[in-house]
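Here the chain labels run A, B, C and D in written order, and each chain numbers its own residues starting at 1.
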Amino acid sequence: MNHDHVSEALHETRLVVNGVQHTVRVPARRLLADCLRHDLGLTGTHLGCEHGVCGACTVLVDGLPMRSCLLFAVTVDGAEITTTEGCRSADGGLGPVQRAFMECHGLQCGFCTPGFVTTVTAFIRDHPDPTEAEAREAIGGNLCRCTGYQNIVASVLRAAELVRAPEGETGP
Amino acid sequence: MTTRMFGEPIARREDPRLVAGDGRFLDDLGAGALAAAFVRSPHAHARVVDVDAAAALDVDGLVAVYTYEDLDGRVAEPLPLLIPHPSLHAPRTAYPLANGVVRHVGEPVAMVVASDRYVAEDACDRIRVAYAPLPPVVGIDAAVRAEHAVHDDVPDNVAAHMVQEVGDARAAIAAAPQRLELHLQIERSASMPLEGKGVYARWDAADRSLRVYTSTQTSTSVRMALAAKLGVPVDRVEVVAPDVGGGFGVKIVHPWPEEVLVPWAAIRLGREVKWVEDRREHFVSSAHERGQRHTVRVGFDDDGRLLGLDVEFLHDNGAYTPYGIIVPIITSTQLLGPYKPGAYRVEFRSLYTNTVIVTPYRGAGRPQGVFAMERTMDAIAERLGRDRAEVREVNFIRPEEMPYDHGLIFQDGRPLVYDSGDYPASLAKLKKLVGWDELAAERAQARTEGRRVGIGLACYVEGTGVGPYEGAHVRVETNGKVVVATGLTTQGQGHETVFAQVAASELGVPVEDVAVVTGDTRRFKYAVGTFASRAAVMSGNAVALAARKVRAKALRIAGEALEVDPADLEVVDGIVRVRGVPDAEIPLATVAVLANPLRYAFDEEAKRATQFAVGGGTDVPPVRDGDEPGLEAAGWYSPIRSTFANGVHAAVVETDPETAEVKILRYCVVHDCGRLINPRIVEGQIHGGVAQGVGGALYERLVYDEHGQLLNASFMDFLMPYASEVPTVETDHLETPSPLNPLGIKGAGEAGVIPGAAVFAAAISDAEGLWIDRMPISPSELWELRRQTTPKGDG
Amino acid sequence: MKPPPFRYHRPSTVEEALAVLAEAGHDGKVLAGGQSLVPLLNMRLAAPGQLVDVNRLAELAYVRTGTEAVQVGALARHAEVEHDADAHRAVPLLRQALEDLAHPTIRNRGTVVGSLVHADPSGEMPAVLTLLGGVMELASVKGRRTVPAAEFFVGPLESALRPGELATAAVFPRPPARSGSAWREVARRRGDYALCGVGVLVTLDQDRRVQAARAACISVGPTPVLVDLAEAVGGRPHDAADWVAAGALVAAAVDPEDDIHATAAYRRHLAGVLTARAGHAAALQAAGSADRRGPGNPRGVPR
Amino acid sequence: MRVSGNATLHAPVEKVYAALNDPAVLVRTIPGCERLERVGEDAYKLTVTAGVASVRGTYAGDVRIADQRPPNAFVLKASGAGAPGTVSADVSVQLAAGDDGTTELAYDADAVVGGMIGGVGQRMLVGVATRTADQFFAAVDDVLTGAAPAPEAVPAGAAAAGQPAVFTAPPRAPGLPGGQLAAGVVLGAAAALLGVLVGGWVTRRAARAAARRP
């Protein structure tokens, strides 16, 4: 494995992250997660395993949840990326999914939470009125070591409520 | 005093930043820092013959490569033994970098510092280490056989040997009308927080001061350790635990090799250095727990009442013992649970193996002990053909027998004395919650439908809030805001919220006005750490005591200002007022100004304060003897001994007659941790603990081969449960306040995980009519067990 | 765990891609979904000198359902195939199996053709292609060729794809009329690799008797194990076929190994149990389709 | 982990055994072997490029022949190291005369796989190693039966056992090159295993460990 580090080429890569256009020059091997965290300073996306199992690094790529530890930044050149920072409400306050996690105690240490927030944001967009079973299935690819998931499932259902009835006239 | 905030299930103060991605975890800091990576041993036991870094030197971006030979001063000495014990006769700790011999796969051999982690790993790949393999000692059997030694000077591989006995257990068993002998085993698992460890160090050469951020459960102790190891005056070392992505025990160990080496390198290089542990490293170089094998001999009467209990067990402590023998000591004492054992004898040996070190993981020896005790209770019930709950009932310590002295020494070196608890009431609540008395019929009904349904239950008692102390500082600022600081750290338990609730309740201010800082030695220097379910008990009470001092001082000053007896004053929503006199009041903010004789009119409060005449007169000094400027105080809580929480869990499972898959139909928890500061947070702790209990019972196991290779060092093969594997938990609470502390609380952090293995073993045994004596159990193992018991194979 | 450096190519046409692959030879590796390759790189267990990123080859991003088969292009993600209504009507087994493939987040990026080239004996897709008797379409600068599933899966993680070759599509034939299929697997956790998985395809004759029945199993051999069930259930009425006997056939045919998650004996046992379950479900579906005159090849050409 | 297998070789036992020390044969018969250096009596250093599909790696390996009990048994001690990890295997080889001047060969390998590759699961190792060894034996038997070309002459000076000498593999035709059969078979079997373990298997195993599907 003889790689010439001196000549590791940089690739100009354009990403629209949370609605903001960024252009970065990164090596081909730069993982999207590292590009977001270190090149763009968006540290809300976390790395829990770097082999695609835990889901902490999940971001939305053109609207679809994907593992940012299994994508090279260059390979999603030109894509629209949404991280948990981009799941805020328009006024900059907490978005409905983020609010739901807070209301339902859907997090403890909060390390895995950004991956859940992005995953759930996409899920309730496509399933506005999920059953509890559907909510549980929806988060089935994300690991959490703290909560036991019970309050995360509740958060998914609450988030759907908040999206259906903004500013949550409905109680949890 | 208003207790409005205490006991309220309010939303957490820390959540807004965490859900929005504004948390500050270790790797979110130090953007410009150099990155460290480590070359780690691929061998379980080997002599390091040569380390050749030549090929790494032309890696563009490489800054430094260090091996043991480069270490100096106390950094070159073995890491400290944190908790010595007389029974730990052969303690051994590792060097920060291997000194000639590696004793487990993953032991660090060389440290690389480079421009970023990618480059650091490129360099690691090019460093060639020549090893001369030595015979590895893997597993309890090999350690006991001692054909080979992990440490040359410990030929029998026995690190510790301990015996405790109350009465003559063996005689009592011999004389008992009924006797049983059981062999019970629990395999290895690990804390496995989703954020690994990490260290980020900054050395200020001009100021000769060091700041270290580390993902730890004890920043104050890391500070002391670094000052000693690096020879930097302690007041020149600051250690900060930023947001920590879970700990569950593994992050209480300190200093980790990397915790010493990263600051050491930062000082040498005069550059910021950061190391972020990746998942592979965490599997092979952090810590594991749980691996124990128990032999239980018990004598009992025809009602199932224990007459004598004799437990011998073997504990696999891995390659080194930096954290002492806390885990087996806890097993040996907490195994007793809510029961009176009659005469009791316990003996354990703690054994060296060429595997990752073993230190506490949530539950810390209790899951093993409870598994041994509760399986024994089930076996007694089966022998006597009696109801399993009934057999437990007859052995319970009764509430009127509290405080109950077992006559043993607990983990804190103090007598094992239960302070409170109503075990019969806990069991009664659980039986009601799960519908114990109806389940027999339901199970029989299911049988007729060809379904295999079983129920199991397990009781536990958990010593929480071990000393020696915790402290807190509470200050009311001149704007009326309250700042609480504790040296104790947090890893997701919601301390920013519950400590604010305690302070708000004690002071009589809105919780929104209270800010809490944890785990920052710049703010509070003395603390022990967050482990052993002690944070709420220790720091919660320390915060309360500090707040009470502040409140007393506020009432005294306000009394002078309002010219009334402080006894007639109350504090409501941040206003000190005279009971029953509407307009006679003064804001706490103003009192804070009055508390400082130096009264420059910096703000409105200061101006308003001038209308009040306090401070005695010209015949006394502005700051009177025994007084201090400012409306603030530190409080310390140091308990005489631990307080004991308890609980009962029940699980209803269904096993597939063909595939032997285990489905959890229901999981019920009754929990008594005294008074609840925030019920929602306590529930969350229970849910999370139960999930880890499910993992430990049905999924999680660390598998070593005979060569000491960890075969499943990834999330692919170490099976932590997803949402699809974890049941909805039904909970009920009992609140028997602890008489030992001002708030009457007991710890809740570990409880949920403790009875997991026991309760699932019981439920599966019940569904299958098979005896289960080792956990975890997989569908394949259950199916093989069926084949052994019913020769024709699957049921 | 960060990947080692590599030379990166991002061709925009298939021709360009083939040229680059030909140039790279053994040193080149195709990056499509990357859901297996990238973890492998992150762990530094693989270090190809050159990566050829085919994610810009829009011409390969398709799912085409025709009268004979469903053709899946190299850039069709698992999720796109899973949710394609026409493909589902034509070949229900695709969705049936895809629902058990990892988790939705992975299926959003991973590709069906990538799964096939990966040739994982625990992967669902190779078994599905094998069970349906499908083919792989391969291209290189030397030209194009098609390889039947039976010859494509050579060994564990080893396919017939040659250095310099690009798998451009996979073809999943429609089952004949009066056919039904089912997929059953047991995994430790939902979404994990199966301890054992079985797909069954059943075709009934005019009289609702079993005309053909086959099973394909995963995680019980170096490649998907295909077993003809006719001996056990052939000619039997769809509702009276002995699927347990069919399971016994499969259990006898597979060659599983022990590992840390399950014994070989348990896997063999599962192969039998899951065949019986899938066979029963497939027969029901076949009977239903016989009522509805579909799904399946309208001309009912038996294969 | 253990890997074992058998093969029938169409050459007498003595010939099989005698051919063991011909590096020119070894360098041609060891799968992926690019360079082989005799570093002493019965001891060789070799460079193996191994892999699956296009995911390949180069690994440095050692093979030593020990416990020789001519003409029926010996042990091959093979080890290799590459960035992904380390492998060492003791391969005990038994030779017995079969019918019509053939040799029945049986090997039994006990291998230790360390480093990253040791930790990401070993579910496929045995299967892959066995399969590769089988392929190797089959191909070699082709050579035995004349289906593959005979080897070129041994470089001069290399024949004297114990003398350091470097051998490099000539360009190879597709399929396994020939060689004095027994040598190829025996050492090749060990090296095949080694190659599989440090090379092909590594990448296979990695792909298996890769969290999810492609």
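Definition applied: a contact is a pair of C-beta atoms (placed from the backbone, for glycine too) under 8 Å apart; a residue touches a chain by one contact, two chains touch by 3 or more.
In this text the structure is predicted, and so the values were computed from the model without any measurement.
The largest tally of C-beta contacts between two chains is found for A-B. In terms of the distance between Cα centroids, chain C is separated most widely from B. Separating the centre of chain A from that of chain D, both taken as means of CA atoms, is a distance of 48 Å.
One simple way to say how far apart two chains are is to compare their mean CA positions; for chain A and chain C this gives 30 Å. For the pair chain B and chain D, the distance between C-alpha centroids works out to 50 Å. Put simply, the C-alpha centre of chain C and that of chain D have 33 angstrom between them. With touch defined as above, residues shared between interfaces to two or more other chains in chain A number as follows: 1, 3, 5, 8, 27, 29, 49-53, 70, 140-141. With touch defined as above, residues shared between interfaces to two or more other chains in chain D number as follows: 57, 83, 116, 120-122, 209-212.
Taken residue by residue, chain B touches two or more other chains at 118, 122, 125, 278-280, 711-712, 714-717, 722, 724, whereas all remaining positions touch fewer. Remark: chain D residues 51-57, 83-84, 116-117, 120-124, 126-128, 131, 202-214 touch chain C in the complex. Put simply, chain A touches chain C in their complex at residues 1, 3, 5, 8-9, 11, 27-29, 31, 34, 50-52, 55, 58, 61, 64-67, 69-72, 74-75, 119, 138, 140-141.
Of all the residues in chain B, the ones that touch chain C in their complex are 117-118, 121-122, 125, 278-280, 658-661, 699, 703, 711-712, 716-717, 719, 721-722, 724-725, 778-780, 783-784, 787, 793-794. Here chain B touches chain D in the complex through residues 42-43, 105, 125-126, 128, 133, 280, 283-284, 705, 707, 709-717, going by the rule given at the top. Touching chain D in their complex are the following residues of chain C: 4, 24, 26-30, 32-40, 43-48, 78, 101-103, 106, 110-111, 114-115, 117-118, 120-123, 125, 155-159, 161, 163, 222, 257, 259-261.
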